[in-house]
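Heads up, the thing below is written out as structure tokens.
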């Protein structure tokens, strides 16, 4: 019995789930356009891979999320540090940000299309909105969470305000900032389908919408699984990077 | 006092939920759930029948479901079992039928009646490269017509930016410059033409003369369970269609009221629509072939085309309604 | 040699909400620490020893009175007064040597020079071989050595220490006390050391300033002239300790009463 490890159990569970799915399909409990068989999904996956369509959509979506992400990070991190550091900046920025923050990215779709038209720009904007707030909030929390004792200790070494900001506050905030980036990437990726409803003719979100329109449900499922798998992969990669960067943590 | 409040709140929630569940769970007696499309005057038979009381005269209790923003959305409602009959475009009906949604086509509703409208400055199809064009929905007849047109000029959707927009919103979007063009059902093509904000780049009759457009469909289970009701529905449809054919002026008035657009727009659109109930079986078969070419339907979904077409049409009720 | 003069330091903590009274923390505390001396501040818990030390550091301002260092008035923290904290306060993302050279880095000393200086202090506090470790890889005692090295590398006039061995276990604590004395003898700095432990004070200090219960003022100043290293069992050690403990317990009783 020692041979049966937890790992075996996990694999077994996954296989059983797929088998159950196929059996439910074979029994014909649900019509095939509502719940396609795993074999259909697999067949659609192969088609989409071979035609290069899936790869192309994945690349497009990744690119969109990357652009939205980097723009958001470039603004949110410095802004977050400024808000955490300066009460003046905080008082000026907070009212606007607090009102905007709870608005979900989907609600921004009409305005995004009004302001940016169709295609790439509103999609990137929507991803930007999704990514921006987690990064900002985590950055501010990181700055505010800077240990007072550390700041005082460095002051007794003769540090100026600028020294404190650069040598203590910013490095101290990096774990929070990186956590914010990781969460931001996740949120941005999840906004994909909503973002690509703004007139994109490519990308994984578009692919899901397109195939659902013509009731190709197995391709819809391929799209959903691809979105999930890549989201997972991105999260994993960032966690590894995080682990290496922050190896000084307790 | 706090415990009493908690008890009251809990009881209210349970009671309200109970009502809600009861309401949604009990089927409403005897009303026919009829789906239709938003502001689509191809489907004028429906407002005409309502206005002239045809349903009531047949003793039918019709519950309108919709309006749907385009055919594929209506067909999804069939897939979810929420509709008994519907007025919908041929391509979405075929696509969903091929993929397992159990419906049959009872009669035709209209032929042609769509157009590709563009703003000034666009004179040829090739000019659409890189531009933004709106369709009601992926899988709609307008979607297919547009693809057919582009194909003739060696273009695909990769050459443009396609966006889904509700038809009534399209003329305004074109006017403010958010769209370079759109393909819609009437009267939203006429609306831009009459307002002078758009021109026809290609109309139905240019893309595929006489192509079948909307059809009257019903779910197979409804046909099996309530054949007499289905017969009445078809009878009403024939009556309403004849009214439109024989008394166009009055029909146009009803159309204007139904779409809330003025008569000039309706009159302009009239020339591009052919109202008829006779099913166009051969043309429908052609449509199915084109859908396969465009990869909307997989070849494997329709192993036997003739059989599929035979089964998807059910003209018995129409024949009976026409007294044949 | 750095002479610290505390002149009638008073500190009032303002009430944080209505209905609360202002709390007087320090009441006209005056004392002198002579250059090169090891002085300890001792008193009942919560009397304000740490507040007093922080005022000398410049991290807090007195409500009235002043601290004068070598004739200069203290108003803010600065590199002339290094401080060592009970929580060590090392920057966790910097290695030991990077922490130690921090003060020099702030003052713009070039890489070569500051590495040399830092290395010297690494050796002085006995952390040779651990220069490139991160604080999380060090024991409590080692972290405190690093913190001491960090302050010393900046060459302050005075070293202020706020219960630096409070979070160490008893054995490490004793070792660190001896280490501190060794380092002190090599660097000859003036040290002001806050502690709860009378035993520790008598072991380390030349002069012990005993504070009253809150609001603290100076109850008594004890001079300890025993040669080092001191023997805890020596009768003079025991006597002084007893004397201070008696006075201290009176203060504690008063506070309770």
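So that you can tell them apart, the chains are marked A, B and C in the order they are listed, and the count of residues begins at 1 in each.
Throughout what follows, a residue touches a chain if its C-beta (ideal position, glycine included) is under 8 Å from a C-beta of that chain, and two chains touch if they have at least 3 such contacts.
Fair warning: this is a prediction, and the values are worked out from it, not measured in the lab.
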Chain occupying the most central position, where position means C-alpha average: A
Selected pair, greater C-beta contact count between A-C and A-B: A-C
Cα-centroid distance, chain B relative to chain C, in whole angstrom: 84
Between chain A and chain B, centroid-to-centroid distance (C-alpha), Å: 38
Inter-centroid spacing, chain C versus chain A (mean Cα positions, whole Å): 49
Residue numbers of chain B (touch at least two other chains): none
Residues within chain A bordering two or more other chains: none
Chain B - residues contacting chain A, complex: 72, 75-76, 79, 95-96, 99-101, 132, 137-139, 157-158, 160-164, 178, 296-298
Residue ranges of chain A touching chain B (in the complex, touch as defined): 31-34, 113-114, 117-119, 197-199, 201, 209-210, 213-217
Contact footprint of chain A on chain C as seen in their complex: 57-59, 77-79, 81-83, 85, 87, 89, 91-94, 102-103, 105-107, 134-136, 147, 150-151, 154, 160
Chain A residues within the chain C interface of the complex: 147, 149-150, 152-160, 163, 167-168, 171-172, 174, 247-250
